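Think of it as A, B and C in the order they're written, each chain with its own count starting at 1.
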Amino acid sequence: MAGLFSLPTNENPNLETTPVGDADMTNQNTALLSLRNVVKHFDISGGLLDQLRFSGGRIVRKHTVVHAVNDVSFDILPGETLSVVGESGCGKSTLARTVIGLYRATGGEILYRGERIDNLNDNGMLPYRTRMQMVFQDPYASLNPRMKVREILEEPVRFHNPGISDADVRSRVADVMEQVGVNPLWGVRYPHEFSGGQRQRISIARALVVDPEFIVADEPISALDVSIQAQVLNLMMDMQEKRNLTYLFISHDLSVVEHISTRVAVMYLGSLCELASAADLFGTPRHPYTQALLSAIPRIGGKAAGHIKLSGDVPTPINLPPGCVFHGRCPHANARCMQEVPKARQLEGGALVACHGVEEGRI
Amino acid sequence: MAGLLKRFRQSYFLYSFLRDPVAVTSFALFVILAASALLAPVIAPHNPFDGANIDIMDAETPPLWKDGGNPEFLLGTDNQGRDLFSAILYGMRVSLLIGVGAVAMQACIGIMVGLLSGYGSRRLDNILMRIADVQLSFSSYMVAIFLGAIVQMTFGVGRYEQVAVPFLVLVIGLAEWPQYARTVRASVLAEKKKEYVEAARVIGLRPFRIMWRHILPNTLTPVLVISTVQVANAIMSEAALSFLGLGMPVTKPSLGSLIKSGFQYFFSGSWWITLFPGVVLILLVLSINLLGDWLRDFLNPKLYKD
Amino acid sequence: MQPLLDVSNLTVKFALRDTALTAVNDVSFTLGRGERLGLVGESGAGKSVTGFSILNLVSKPGFIAGGSVLFEGKDLTRASAETLRDIRGNRISMIFQDPMMTLNPVLTVGTQMIETILAHKKVTRKEAEAIALDKLRKVYIPSPERRLTQYPHEFSGGMRQRIVIAIALLTSPSLIIADEPTTALDVTIQAEIMDLLLELCQSEDMGLILITHDLGVVSQVTQKIAVMYAGGIVEMGDTGMVVGEPLHPYTRGLLGALPQCADKADCGLADVAAPRARRRLNQIPGSMPSLSDVPRGCPFNNRCELCETVCTTTRPLLEVKSDGRLAACHMVA
């Protein structure tokens, strides 16, 4: 039966170990979480009949694969906020879900304090469930509408602490509710009785009740209004200070990312373009895509014109372009960019950039 | 408790119910029918199953308001002299029992299969859904006729009377569970993509717990809606089977077997033996269906209102 | 000179079981020919309803309870269905957040554009096609001849929004109402669409009402801003002044809540109380009241740090403050 309930395993785990890049060597022992050449593909070919194609006079079976995350490596250091930014479809949410174990990586390794966690089964993963938690995007969909807030918050505590007394559970939940700014007396209400901001607080409380050290936040504020966004961001920063949390923060809002991050990773079409400290990346963006992205931020009082115009559309992740995934829209692309996939290289100052142009000093 | 009652009184549910005259009428009708069926032993002037009470001399007495009507028999009597009014009350009891029982069985099987199919792996889903397809490709009457013939043969007509109710529950229940399985599976597929299910997985909960505690309660709305329709359908199926002689025996009549028993006298003037059970059957099924329609509209306002 | 659009004391209500909720409360503004106005606010502030009610498009159970909308001198709240039909999509065009609200998925883009032209103008099919091609070029759609024969699903999100803008331009309207036109799009695409809208408004001398929650976008495109809260306008004035030196406590709170203003001093919020910790953002406590429990007096009083007794009893009116700007607050001079 266990096999029938495993995660949808339509991929063929290709778990060969790959040599760790130079850039990652320095952090190997101190990293809280390390991603090594993580790949995530989704097979969307459907049933056998949908896969059959007629080509060249023969019927062939064709797999349609979405290349959501391609060969991404980086480390997350304890206590930092590492943000992943990119436009819709760039694979940032998939990356978050692969890290937390909701998806199984197609290739590569994920290490938590030096231990591999990407190949663990449900039982093996269990000890990590209290150390890594997740906060979701949609405050309306992320809380079970049929459970009272107290039930939602008590469930993880009871599950991970079998034999804990009712009084202990109550006090622990009340504690966390207090911390996130939700009156514990409201625990008897259902989620729909709360506003979006309060729901997101409850969602954060659910992640915090098991006392984790690492939180993956997938666009936690993008569904909220501006004034509420500030409240939730402040709460997240307060909690980080108080509980010494590490965040993997996924967002498309660059000005939010600039404000809260220690380091920022920019993704495009499943690949990592650039990773640098927030000040560095926003001050001197190096990758042409990062430059275009930053110039498009609608700044208060800024002028609408003056951003870098990218030609063309984002290609689909089903048929990735050869070479650098960005070459079709890049103003600096040359012949090499069309053939050779750029490797992330560390520059002086610590920034990682995957671009031939930067490497050759053209940009 | 008082608070709950107050909340119910102020709820949108009650408000929109009271504003819909069709819903109120059908609900009232259903309550009257169901209550009189449940209270049959108290209300009915005669016990149609008590042989000592039946006098063959009273057979085919017309209803009260016709010539030759007997005040003792409000709606007249059938060909064996049973009081038709009492027989209808008892018969409705049997029909409702089979209807609700069969639906409970359909729901049990269907919800289980639907949950497993929707939340399990693609292979399990394929297996279960193909079984459901096969089940649906048999007409439920065919299954019932086939099995009914076997059961009647093995038990003999005398013993069949005792096993008839559970047998019909089983047959109608088995025939229609794919309806539930498909509905539940569809909503499980929709629910399992939602973030609260992912949150439960990140907590580390086991699949069965996620299915049971998190997904199932959120799929019950459509289940509630199809349940009303399915009860009506099951009552109709039972009536049809009984009419064909494969359901309840005449000695323990349901509405369907009452209709059948009077059918042969229909054209010889004793129309009431068939007509009254028929009218009651229609009213019962209609009221349940109308209630179901209202419930569906209420729960899916976007889908069905302009 | 007569303004292009003159909205005065517009009030929109939604009928409920036994009460009516006020979604738009006594909103007045004017828009000159070729002028661009931003309607800014958080969800539930009534900005979209205001946009819809300009075209008298509020759907049941909502209704316009008072006020007038004068478009080129005609009062749209009292106009006949025929007049409205003639104005909608002809003199005033609307652009929505979801392009598929405008586009029909089963018709080619060309068919939809040509039908729209034929419905409003007396031209031949050939001429209509020429107009359509011209507009597609104006919104920088590459190879427009081929694109005319394609269906909406063959376009990317940004391209679809361009098509919608092209359709909005077909009849050379004098006003475009854009309701969150770029909210569903990525930042790079958003920047392009906003560029395009700005450029078209300038070259075609069109008025624009841009409804959005994004102060950054508004500040780049519009000349005037009206900030809405709980159904009413709380501050209105020149864009530079509103984002540079906000008067109303809500506008100040809203700007202060933006990370880009917390990091940089260039948002003119020097007089806002310094945040507790360096990285903390200024936050407005609480959330916007739902329409059914807007507080008495000033609707913002329960979240406002300047709140005094008068704010809980009297609703402040939108009035001219010292620097010529309009604000609805008892506490600012």
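To be clear about the criterion, a contact is a pair of C-beta atoms (placed from the backbone, for glycine too) under 8 Å apart; a residue touches a chain by one contact, two chains touch by 3 or more.
These numbers come from a predicted model, not from an experiment.
Engineer: Most contacts: which chain pair?
Structural biologist: Among the chain pairs, A-C has the highest number of C-beta contacts.
Engineer: Which chain lies at the heart of the structure, taking centres as C-alpha averages?
Structural biologist: A
Engineer: With centres defined as the mean C-alpha position, give me the chain A-chain C separation in Å.
Structural biologist: So the centre of chain A lies 33 Å away from the centre of chain C.
Engineer: Counting only Cα atoms for the centres, state how far chain A is from chain B in Å.
Structural biologist: From the centre of chain A to the centre of chain B is 50 Å.
Engineer: CA centre of chain B versus CA centre of chain C: separation in Å?
Structural biologist: Whole-Å distance between the two chain centres: 54.
Engineer: For the complex, which residues does chain A have touching chain B?
Structural biologist: Counting only chain A, the residues touching chain B are 3-6, 8-10, 97, 100-102, 122, 125-126, 129, 132-134, 136-138, 141-147, 155-156, 159-160, 203, 206, 210.
Engineer: Contact residues on chain A for chain C in the complex?
Structural biologist: Of all residues in chain A, those touching chain C are 87-88, 195-198, 225-231, 233-234, 237-238, 252, 254-256, 258-260, 292-293, 295-305, 307, 309-310, 313-314.
Engineer: Give the list of chain C residues in touch with chain A in this complex.
Structural biologist: Against chain A, chain C makes touches at 42-43, 156, 158-159, 186-192, 194-195, 198, 213-217, 219-221, 240, 243-244, 253-263, 266-267, 277, 279-285, 287-288.
Engineer: Please name which positions on chain B make contact with chain A in the complex.
Structural biologist: Against chain A, chain B makes touches at 119-124, 194-196, 198-207, 213-214, 217-218.
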